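Shared chain: chain A. Partners: chain B in the first complex, chain C in the second.
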Partner chain A sequence: MNASLAETPSLGSSWPLWRRQIVGILRLEIKKNFLSKRALPMYLLAAIPVVILMMLAVFDRGMQRGVRTNLSQAFIVFSNLHEGLILRTVIFFGCAWIFMNLFRGEVVDKSLHYYFLSAVKREVLVVGKYLSGLIASCTLFLLTTIGALFFLLLPRGLQANLDYIFDGPGWAQIVDYLGITILACIGYGALFMVIGLFFRNPIIPALLVYGWEWLNFLLPPMLKKISIIHYLHSLVPVPVNEGPLAIIGEPTPSWIAISGMLAVTAIVLGLASVKIRRMEIQYGSE
Partner chain B sequence: MAVYQHTYQQYSGPSTPLWSRFLIIPRYAYKSVFQSKLFTGLFAVCFAPLLLMTILIYLKHNISVLEAFNARVSDIGFDVNGFFFRIFTSLQTSLGFLLTVIIGPTLISRDLSNNALPLYLCRPLSRADYVIGKMSVIMILLSLITWVPLLILFVFQAYLEGGSWLWDNLYVARAVFVISWTWIIILALLATALSGWLKWRIAASGALFAVFVVPTPITIIINEMFRSNVGTLLHPGFLMNMLMDKLFRMENTFTPDWMVPPTWSMWASLATLALICVGLLSLKVRAYEVVK
Partner chain C sequence: MEAAINIPINSTAQASVATEQMIIFEDVSKFYGEILGVNRVNLSIAPGITSLVGPNGSGKTTLMNLMTGLIQPTRGRVKVLDFSPSDPEVYFRHVGYCSQFDSFPAGHTGYEFIYSYLRVQGYGKKVADQMTWQALERVGLTEPAKRKVAGYSKGMRQRVRLAQSIAHHPTVIVLDEPLNGLDPMARADAIRLFRELANSGLHLIISSHILHEVNAMSDRVIFIESGYVKAAGDVEGVRNELEEHPLQILVRCDQPSTLAARLFQESHIVEVRIHDDRMGMFVKTRNTDMFYELLHHAVLEYNLNIETVATVDNDLNAVYHYLIGARQEGE
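The block that comes next holds the complex of A and B.
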């Protein structure tokens, strides 16, 4: 008994092995996430906000006139675009595609058993795959946010922008938007990975989540808190007007929003780990 | 019979006419489609609004039934007119979309992932026949819940109303027919193209939803930012709604007037979407595939 206990590696000594395994999984998965044919829709989706703001910088008509001259109006426009298009559509669908594909994609390709047959703890596999999805989504959607901000500020000229960023509130606002983007990838990523693991057909739950997130502005304050967009909405530096029908709720303080989102993500990943321990592969049914 | 006596002879029986050969595909597809209880249930539900419509038309013209409920014709707060048919056409086409989401994604993907296309195309069935056959699985079912019953109800209403109602409202019949067929063709093309390119059934269903969901914020943002109606052309759902309003001779219902593009551009946009789907299908539906 004592001998077997002595041979069992302790939790502390397992960390280097798990870390090496996670790095190995990351190497494989990041290549798949960025270079496979499945990544193409992501690139197209991520390019949409950038293209729209590029058109805004190039064409001189409509609301764009005010955006060129008035920086506060420019950031109101950006805030709406960031929440309405980048967060609710691009990151939502992007994360749905990336994170649901982490396991379901392997099942469709009939390749998940290679992972399951290797000497890797399934929890380690979950963490490795989640991190790979997070790196892919954060890279893509941070570039989207940066590209959109670049074309938003471009028509104002270099000096005006430098003044705004380094001598005004610009830097803090830009960091806030990038932080919200990362937080959205963390939250939606965990949610969609667990949906992909628990449901054979993840489309219906994903659509329900989409509807819930879109109708968030109509929900009473208590229910608003059971959504990801509420916490992201609380963090935006330039508040977004949710329309005349919206039920206004108290925004969650940023430290609660961030720590709460991270805690929920950890719980969701824990659930995914429990689920994957009992997972059996049935390729035929896909 | 001894083996050496087996000889191959040309088939001498009656052959199916060329034009109707594609119908073999829906014939077998329906056998598997209606094995699903979910689909059969949803298909039955699709007739509920039509039943309601029939009852409403009947009530409107049957004074004795109204008297039994102590009501008069003037108490019924609706007219059977373009608006009435527009509402039900909109409802039926939406239900048609749900049917397509269920049956569309597997139409071609199964044949492609099991390398079964050569088995179809080695028979006297061209690539076009194959695609039309697959599309007709959706087209026939959607016809059964859209323009066929709606036109029957139009005739029913014309019969009960009598007089010049039929001639005065002929545009309604035209609108029902044109909108239903446009929707059916767009959905059938989208479903088969996505089915061909996304072999994962669930991804194809998701993509079919995404085609109608993702363009919504893009359309609104482009239109609002540029004070233009160009963004509307990116949204097939908005286009169908606006065309429906125009064909039913109604005011624009869901969006401000300035967001409505010229009619020709709406048709051109839908035609472009259809052409893209045809192009995608022609790239994918081949008797053999070179895998690198």
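The block that comes next holds the complex of A and C.
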């Protein structure tokens, strides 16, 4: 009876096998994340900050002058924009869209069972899907961050910018902003993948998280730490003033902020794996 | 509701089959909230073609989804060849499932669809490519392989899903209503393919709500109704019973008299009644399989235009009673 088994090409052992499986998942998912109709809102969101800074750079005389004469003031403006618009809004909703759709989208399309019927551990599927979301969100929102920085610095002219980047603090600052963008995708991505798995209608939990993240500055230090924006906020190279109502906690050192974020992400992914192991295929009324 | 009848399918030939070659349901129940899917199912199914037959809503899909881990039992345990669906990495090297969902990931060609999921399982480019073409060849889809699945006919979609479920060379293939919605030609082709697969040593579990269309290719039949396995047995007895209960089939087509004349040359045709509007007929046959083959040929031969083919009566009661009665006598 094992004639057909004997023909089955061997798949080899765990780690190399899982790596190949993840590559296989990425092949499918990255195409979907970037090219499907669902990707459109993501592109629109990602363009918003860039368009705003482009308009300012082109049309706003005051801004142009400010950037030329007082760069540190300009970076305070940029930090606020980066946190308020890029992190809290664009990346937040962009990740919500991308990561909540990783599994939900396939339930809507009734195609998730093809994964579930493949000889792949569901944990490997979680990791593959999550990585595909990270690749999509990081690519896009890094471009957003770079584009926004580009238009911020544009009015200063080439030479001044080269000096700023290579002889001044520019390089480190830019790397910081990009790093924060990546961390935001890692954190919000894991969070929203799990929300998408646990809630039938994930909009309301997502909005609750949104509110929580905005009110974070009002919270006592203990509660502050249960959030993603808190850690991102601690890492911003040019501090953002949270306003007169803010309760000032101890600033979290950056190594704690980063490892804390990664730890929380790992826990959240673990949760997702448990959930996905128990998940049943019920696409609704047939 | 009568008490569950638990039927291990045992014939002398199968008594010696080891559990690592069996599909085993151990006291399996599945409830969807309050709704009963299946209840207290005990089965040990030996290699060969097994048909799972029952009316719509009887629990066939539930049993198949339980077998493949798409849903989890409320109670009990399912094992296939000693593997459990809770370890998909191992399980699905041996099992392929062609489900009832007629949906695909967006934008794929037939080839990409199969190839992609082989890559997901960890096969390298070259091997996956070879396996994909093999599977496509097996179901006769090599020619349209590079066209988008979205443009496929129902029969082609059915076949590409079948190809996908056998592409990784499983030992056990589970097929949920694979004949549903196929036109007579596609149906005859599909049945031929299943026989081929079984002949090459595979185990097939095939569900259908029409006994007549699966009995000819099955080694044994399991009847299920309202979530309970009602009877199970080797197919010989069922076949005899069916001889006495010909299946009525509705055919809407042009040239019904030409077709009728051709049909009457066959011994399995019991009765033909042409509709008053002369655009169709009722046919009673003792052998659905042969009827569909015949219809297939007639379409090509006479250039018939067929609008509908549908089974009319699908009353399994007589057969249930026969089987249940026979079992009781035999015990």
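The working rule: the second predicted complex is superposed on the first by the 266 of 286 C-alpha atoms of A that agree within 3 Å, B and C clash if a C-alpha of one lies under 4 Å from a C-alpha of the other, contacts with A are read in each partner's own complex, and residues count from 1 in each chain.
The rule we apply is simple: a contact is a pair of C-beta atoms (placed from the backbone, for glycine too) under 8 Å apart; a residue touches a chain by one contact, two chains touch by 3 or more.
Owing to the predicted nature of the structure, the values given are computational and were not obtained by experimental measurement.
*Asks:* Let me test your reading of the model: by the given contact rule, A:Thr89 touches which partner, first (chain B), second (chain C), both or neither?
*Replies:* Only chain B; A:Thr89 stays clear of chain C.
*Asks:* Answer with first, second, both or neither: which of chain B and chain C does A:Ala263 touch in the superposed model?
*Replies:* It touches nothing on chain B or chain C.
*Asks:* Mind working out whether A:Val77 is in touch with chain B, chain C, both or neither, as first, second, both or neither?
*Replies:* A:Val77 contacts chain B only, not chain C.
*Asks:* Return first, second, both or neither, reflecting whether A:Leu218 touches chain B, chain C, both chains, or no partner chain.
*Replies:* Touch status of A:Leu218: no partner.
*Asks:* Check whether A:Val274 is in contact with chain B, with chain C, with both or with neither, and answer first, second, both or neither.
*Replies:* In the superposition, A:Val274 touches no partner, neither chain B nor chain C.
*Asks:* With both structures superposed, pick whichever of chain B and chain C touches the larger number of chain A residues.
*Replies:* C
*Asks:* What is the contact status of A:Tyr210 with respect to chain B (first) and chain C (second): first, second, both, or neither?
*Replies:* first
*Asks:* For A:Leu44, using the defined touch cut-off, is the partner it touches chain B, chain C, both, or neither? Pick first, second, both or neither.
*Replies:* It touches nothing on chain B or chain C.
*Asks:* Can you give me the overlap between the chain B contact set and the chain C contact set on chain A?
*Replies:* Dual-contact residues (chain A): 286.
*Asks:* Across the complex, what residues on chain C touch chain A?
*Replies:* Answer in residue numbers: 21, 32, 47, 65, 68-72, 86-94, 96-97, 99-101, 103-107, 116-124, 127, 131, 164-165, 168-171, 200-202.
*Asks:* If you look only at chain B, which of its residues touch chain A in the complex?
*Replies:* So the residues of chain B touching chain A come out as 199-202, 205-206, 209-210, 213-214, 217-218, 220-222, 224-228.
*Asks:* What residues of chain A sit close enough to touch chain C in their complex?
*Replies:* 1-5, 7-9, 11-12, 17-18, 20-21, 23-25, 27-28, 32, 35-36, 106, 109-111, 113-122, 124, 277-278, 280-283, 286
*Asks:* Under the stated contact criterion, what part of chain A meets chain B in this complex?
*Replies:* 45, 48, 52, 55-56, 59, 61-64, 77, 80-81, 84-85, 88-89, 93, 96, 104-105, 108, 201-203, 206-207, 210, 286
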